[in-house]
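Have a look at this one before I ask anything.
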Amino acid sequence: MSKKIAAFGEVMMRLQVPGYESLSQASTLNYTFSGTGVNVTSALARLGHHGYLITRLPENALGDAAFSYIQKLGISPEFIKCGGEQLGLYFLENGYGPRQSRVTYTNRQLSSFNTAPIDLYPFEEIAVTMDMVHFCGIALAMNDRVRENMKQLAEATKMAGGMVVFDCNYRPSLWGKEGYEKAKPHYERMLYLADMVMMNEKDARWILGMETEKESQEEQLLDLIPRVAKKYSISTIAGTHRSIYPNHSHSLRGYIFQQGSFQFSKMLTFSVLDRIGAGDAFTSGILHGIIQGFSLEKTVTFAATSSMLAHTVVGDTPTATEKEILRAMTMTATDVER
Amino acid sequence: MSKKIAAFGEVMMRLQVPGYESLSQASTLNYTFSGTGVNVTSALARLGHHGYLITRLPENALGDAAFSYIQKLGISPEFIKCGGEQLGLYFLENGYGPRQSRVTYTNRQLSSFNTAPIDLYPFEEIAVTMDMVHFCGIALAMNDRVRENMKQLAEATKMAGGMVVFDCNYRPSLWGKEGYEKAKPHYERMLYLADMVMMNEKDARWILGMETEKESQEEQLLDLIPRVAKKYSISTIAGTHRSIYPNHSHSLRGYIFQQGSFQFSKMLTFSVLDRIGAGDAFTSGILHGIIQGFSLEKTVTFAATSSMLAHTVVGDTPTATEKEILRAMTMTATDVER
Amino acid sequence: MSKKIAAFGEVMMRLQVPGYESLSQASTLNYTFSGTGVNVTSALARLGHHGYLITRLPENALGDAAFSYIQKLGISPEFIKCGGEQLGLYFLENGYGPRQSRVTYTNRQLSSFNTAPIDLYPFEEIAVTMDMVHFCGIALAMNDRVRENMKQLAEATKMAGGMVVFDCNYRPSLWGKEGYEKAKPHYERMLYLADMVMMNEKDARWILGMETEKESQEEQLLDLIPRVAKKYSISTIAGTHRSIYPNHSHSLRGYIFQQGSFQFSKMLTFSVLDRIGAGDAFTSGILHGIIQGFSLEKTVTFAATSSMLAHTVVGDTPTATEKEILRAMTMTATDVER
Amino acid sequence: MSKKIAAFGEVMMRLQVPGYESLSQASTLNYTFSGTGVNVTSALARLGHHGYLITRLPENALGDAAFSYIQKLGISPEFIKCGGEQLGLYFLENGYGPRQSRVTYTNRQLSSFNTAPIDLYPFEEIAVTMDMVHFCGIALAMNDRVRENMKQLAEATKMAGGMVVFDCNYRPSLWGKEGYEKAKPHYERMLYLADMVMMNEKDARWILGMETEKESQEEQLLDLIPRVAKKYSISTIAGTHRSIYPNHSHSLRGYIFQQGSFQFSKMLTFSVLDRIGAGDAFTSGILHGIIQGFSLEKTVTFAATSSMLAHTVVGDTPTATEKEILRAMTMTATDVER
Amino acid sequence: MSKKIAAFGEVMMRLQVPGYESLSQASTLNYTFSGTGVNVTSALARLGHHGYLITRLPENALGDAAFSYIQKLGISPEFIKCGGEQLGLYFLENGYGPRQSRVTYTNRQLSSFNTAPIDLYPFEEIAVTMDMVHFCGIALAMNDRVRENMKQLAEATKMAGGMVVFDCNYRPSLWGKEGYEKAKPHYERMLYLADMVMMNEKDARWILGMETEKESQEEQLLDLIPRVAKKYSISTIAGTHRSIYPNHSHSLRGYIFQQGSFQFSKMLTFSVLDRIGAGDAFTSGILHGIIQGFSLEKTVTFAATSSMLAHTVVGDTPTATEKEILRAMTMTATDVER
Amino acid sequence: MSKKIAAFGEVMMRLQVPGYESLSQASTLNYTFSGTGVNVTSALARLGHHGYLITRLPENALGDAAFSYIQKLGISPEFIKCGGEQLGLYFLENGYGPRQSRVTYTNRQLSSFNTAPIDLYPFEEIAVTMDMVHFCGIALAMNDRVRENMKQLAEATKMAGGMVVFDCNYRPSLWGKEGYEKAKPHYERMLYLADMVMMNEKDARWILGMETEKESQEEQLLDLIPRVAKKYSISTIAGTHRSIYPNHSHSLRGYIFQQGSFQFSKMLTFSVLDRIGAGDAFTSGILHGIIQGFSLEKTVTFAATSSMLAHTVVGDTPTATEKEILRAMTMTATDVER
């Protein structure tokens, strides 16, 4: 079954130093374009759905390049507007072992997306056409106009019977001091509108200020997520727990909460090539499982495996097909196929 | 002691996406030229022997480039014919951790090698000049002309007193449905002509249809290989068992069977950079050990170490010298030498 | 005014040695995907129209990469079928001054496009949806199935009131000996169906076997093209004359013939970076001019300028926007704009 | 004789698409750091002087990389301050023949330099240490704080007996509509403070609104420059006239006006590899000639040759030594030296 | 507290085959410039001190490039002389797993540094300006002139009250047969002059010929180092023990001996990207700790962590800031910071 | 007709900065291996002959890489000896227009070739096997051992009835002050032994000190070459005149003098990509013409065209086949062939 899913979100240019040099050492950069919305909708397009991006790009060489790149990913550009003058950029220097990766952002507040006027996007049309619309918490940090756009589109989607998906993603550096307090009302507004939410117990504690007497991460999750679901009337909540080891490997376990019950995936442990965008692969896996009517167990395993594969792929944007994810769900390490 | 060894086999162009991108993500390819015969004879040339390749290349830019590349490897081009119009190609996308490598072949049946006429190659001259001639099972999958050429050359070699070496290499994708049944008579013909064969118990079971009541891989080997040696009157059989672990490491153990007795190498475990061609490094190590009159134990250890080093080298073609292999046989991990 | 234009044609992978090395000297290749249909429809998409490609791609890594690339160009993949096993490839080595560029083709007859069955493509649906459908003479050289597909689609298009565009493009190497005689009936069939044809006097003389007593290229054109238009009832014929100079510069003059009268562009002289695909840029310029209702003079100048700019762009596929072409029509050499 | 020369100006990151691809076609960028002040002081450092840059860089990976790059050029970082959060960036896509180069700027107003507070830089200390201080008109377009900083430093320099050098460089895109009117008072303030000015008749006409009845460029220059010198009490004025031809070649002629008399260089014609920064090479040549006490004729020829060589060098920043410039002044085309 | 530290030493060009190819397989090289002195002083410059290099570079393109590179690292070029004709080069081929890295040196004896005349460098001026001067044992292997220069500078430094730092670094290939015997007197002369020495028990045993009845590496260290300190009157001795594991990871433990007591760092285990230059990072960490008055424990931990980070950085030259080292001292593996 | 031709000469590693950057600006190098002997014999191998190189290479990674490279060119390595420790290197920075290319040599006197002992090479065996042996004047500048080796091989060749070919190539930088006087006796010794010599009137004037009253280059040639031929009893003399224009184009005219008469080629004018090695392409063309019994006119035209094509090829080593040269002899500029 193939659905129409739109994402409302910013497109950024990712400029990455090749290999393990720093910006001071190197003299070339590789670039791609990404963003939570780009990642989620292109992943869903790879899984056989119709992905649409709702965004604004500048009318210049950067905007052109972003536009081509998004088309290449199989995302429909129908709701991409042109205007404004800036595209958000970030520079990525790869860490190695004990040396951390470093991200340097520039220029996000003035981007075409973040300066887009109210009434630019055809929200009514989008709402009636789409089966799902995806929103990301990062965008809430931007400004009132962006937040207003998010609210209008979410309301229109709900009104038209579509599913509102909200990813709680929180970036401390964007909210500044006392960020959680500033952020809470904006997050709550989206949670009240959302049918499905990506989050874990940390978001409940820090953003929503919820308290728990439990100590372990898992117990906190089991305590808090049902309370979140109830308070904001959210039918589905899903997310991951991650552990990071030296020597470039991570462990990941996904969960999904629906109709009062939790389902966890196995703990997956694997080598990591490119960690950015792996959360969006999890989201797209959950959405695909729900659309396909997979069991909760299959859904959360599919999503966790999708996320695992996204860690092995260059760039922010997941590239696995359904067939590849299903194969990896049963896979043990094997030789070259030829 | 330096010997003359020819290999009859196809040269293919390997086009590899650099790094870990897919063909859809990248825009450049690295290319080299290889093939079982190329790998075995160039490895033997590095070990101090005279390697010759018996093949046909197209008279165009691809054939020119392949010819230069083969010369660079130190293989004598004396028996390389020009003609036909195509060179076989394969594209290689590197996997990472749980994401598998992917090989895409094109265009092999129409290659200059696979369309070469009978009577093209001077088999009589080759047979009397060479000490050994190497054949690979992959070529049996091609067509009657190729198989006829293999048979004629193997017979001429045997007649002239040279050693016929046959590698059982089987590629399921080339034989299609009921492939083992189709392949068996062709493999048997080569086995009856061969003095030395590269294989393991899987080949005996699947290609030759032999049965065994043993369960473990090693027991099956100990049961089946002596029966193969007897049935087809083969003096030497050798091969490897491989285990593959997550995190890019493999284990490898070689065996050799001669005059009724088995000899195994230690199990070697190591990081893998490029797995393709490592089997050919094992073959060349066995041949070198036999030529040099190494003990069976030294021979199989030398071959397994040669194969291990080939996993650490870019490209299909082994590059280690005898000195490097002997040093690695005694090596523990060490610091930079300078 | 924005129209829907489809092209029926093969997609090929272009593998180009970077810089000026030969395949024997180099070890990397840059690759893109192209074809007459790709070039014409992506150029029209850049000019604001809806481009569709009617083709078949293999279901493997090469087909995936081609598919992504075509999407990147803004071409709608709606009529792209998956199936078959091969993609046509060509290798390009850049010449320099007196040393010619060299193209090496592989494997075209077995490509997914050239082995596509009759009844694969929804010709009726295409015919009623499209305003124009573009065909290229190169495809006529392939096989009966391709030719039959071309005929059916052209007939359906004509029946549905769409415009049939035919580019006479003739590749001697594909037709072999006595190629013109073999080709003539197939070309004539397309000419009778075509509303608009890209050709010049050489095509009339060699493919159609028409005779003229005129000697200069221009006089022959003036003599033969009206006779072609009349004989095959073609409303519009257009094409170019090219002169090539040492030191990497070419001259180009376009013409268009409609309703009994010729219009020529100025002779344009310019440095050439990448000559391949420049003819398709001319075609797309003519089509755009006709769609927009430009005067004949503006149309042919627009098309010639479009072609000139395509010579300055890396890759086969034109990238200029209408604004860039219009500016180049009035441009004199200028400093960096900043 | 070696002098101390400081420049007050912004450092920008230049991100250039390699070869002739567009941002949409490519996936890598080469980057360097430059700016008028960087170019002039590093050129003077190559000519044997002590160059200092007065600027502010952000404390992040971009600022670090810029800092390293400036040190590499031999510029003293003594007066470089750290602070703010942004570095100005520009993207450069190379044109080819009739296809123009394209520059896309981002994010300049918020750069560390353009947001630096008043009283950040130790102007008194700089003024008494430096022999010359260089200012660029581009910076005048930024904001009041930048302009105030420029005025304070120029006044302090004049007071301390140093030479104030002002380059009239005007970027229309930075001033917007009615830019000349807005710009004029700011330019005039700098002209009244300057001892030496880089400009030509166009600056006099458009920025200063001066009128002339002369028609040719040269006559206008001869008419207007003495009037500028007189009105603003400027001892030396210098500049260039440029002509641009197809096929990547330019012509350049320098002039200098001092004590009532003009001196022109020969017209130099040459192939152009990288045009950006060539004006700064002219400036540095004039300053070097004046410092060394060259004759006016030698000074202007030296400066024009310096500028010519800068057109043949990758990147914005001139790299020629005095020896190389002097040799090029007498050079005819020659063979490889070895 | 910021100090002035000079290093007397050779600059070499490092030419590294990218990736894991051999020189025979590849066709490109990456190059940087380094040397013990370069590494130590640039690391100290990154830590906030003033680093000076005392060396001689040839007046040609190689010397120019080395000079720019050293400036880029933030080292003051004040005491770099120009002259001579050669720069030492070394080629580096990366190993992989069981395949060792290979270094090929060329041409060192004739380098500008090793042929520099006595009296070239202003030792008196250096001695009175610097707080510390660093010497490396590798230079002792060169020739009498180099050794004489070292002795003069060390004596002048001692006389002027500066700290003489000597790294015992010994390269067997440079001393040839019976190297230790040849080397001993030269090392002893430097040890008598040194205030601080980098070494471990192996240097004591092999270079200085000291004997011990202890068997473990650690016991030998505890036995020998105090005897060295006493015999040569050295106030501080420091060094490392290293273990090397398969799969690209090393363990490192640093020690420092001062005023009769030892202090050891924890054993650090980490993935290794580029091992060369990591010893110099340890040295610079020790010097920084001493300058800052860190406790012995903090000093040796800081130095070992500095060395660990240098293993994760491309090139010979450490790049970590004090902040980065301090953070890594407390770090557990963490996610991307953004 | 296919002949055996050996060349006695040094192999050098060429390290070239890609594009137009300087060593100070760039961070990567491309490398190949070349030398007059390499170029001449590989060019003859491409023309269908058997080329042999007589040289010595070091037993290290550089020697290995050179050896592979020479094999790739199709040169027989039969007479290549291993030993010594150094390989000569040179760095090449490409000029652009008025900015000259720059070559920086290192380390040549100590190279394996230049330190090879007398009696290393099997001169008798070479002399009786080869049809021609080629010597280059550059090697005369090295040292007595090299010169002695040259003399012995030339004498043995003459004795055995082979043809001695001598290229007068003179490098001023290698002979130092009063170089011509030092060089003359060595050149004369080779001239007396040579059957065929590559030179022009400048060599006669400067190296041999001959005088002429003629003024133009051509008249001097017509006057001096016959006198050289007579004095030293040389049957064939050939060479070129070159003119260099701005904008990367050269003109070349070849001449040949035999049995008292001169033959000149047309003046060829063409764009230049890589000038180095083009003289060796001329030499190989002359040798091929003589072997094939071409007319003098065809021989000199063939050689000049061979040289022209070598200017359009990356690297020192000519790559054209006979077919390509013959086609270029009749070629006018043409379109892509496909």
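General observations
Order of writing sets the chain letters: A, B, C, D, E and F. Residues in each chain are counted from 1.
Just so we're on the same page, a residue touches a chain if its C-beta (ideal position, glycine included) is under 8 Å from a C-beta of that chain, and two chains touch if they have at least 3 such contacts.
The chain lineup, named per UniProt: A, B, C, D, E, F = 2-dehydro-3-deoxygluconokinase.
All of these numbers come straight from a predicted model, not from anything done at the bench.
Of all the chains, the one whose CA centre sits at the greatest distance from that of chain E is C.
For the self-contact between chain B and chain E, the two sides draw on mostly distinct residue numbers; the shared fraction is below half. More than half of the contact pairs at E-F come back, by residue number, in A-D, the repeat among C-D, A-D or D-E.
Chain B and chain C have centres, each the mean of its CA atoms, that are 45 Å apart.
Centre-to-centre separation between chain C and chain F, using Cα means, comes to 46 Å.
Each chain gets a centre from the mean of its Cα atoms; for chain C and chain E, those two points are 63 Å apart.
In chain F, the residues touching two or more other chains are 22, 24, 27, 68-69, 102. The touching residues of chain D, counted against chain E in their complex, run 68-69, 71-74. Per the touch definition, chain E reaches chain B in the complex via residues 19-22, 24-25, 90, 95-103, 105, 171, 173, 242, 244-248, 275-276. Within the complex formed with chain B, the residues of chain A that make contact are 249, 269-273, 308-309, 311-315, 319-320, 324, 328, 331, 333-338.
Within the complex, the chain E residues that touch chain F are 15, 18, 22-24, 27-32, 60-62, 64-65, 67-69, 86-87, 89, 91, 93, 102, 104, 106-107, 110.
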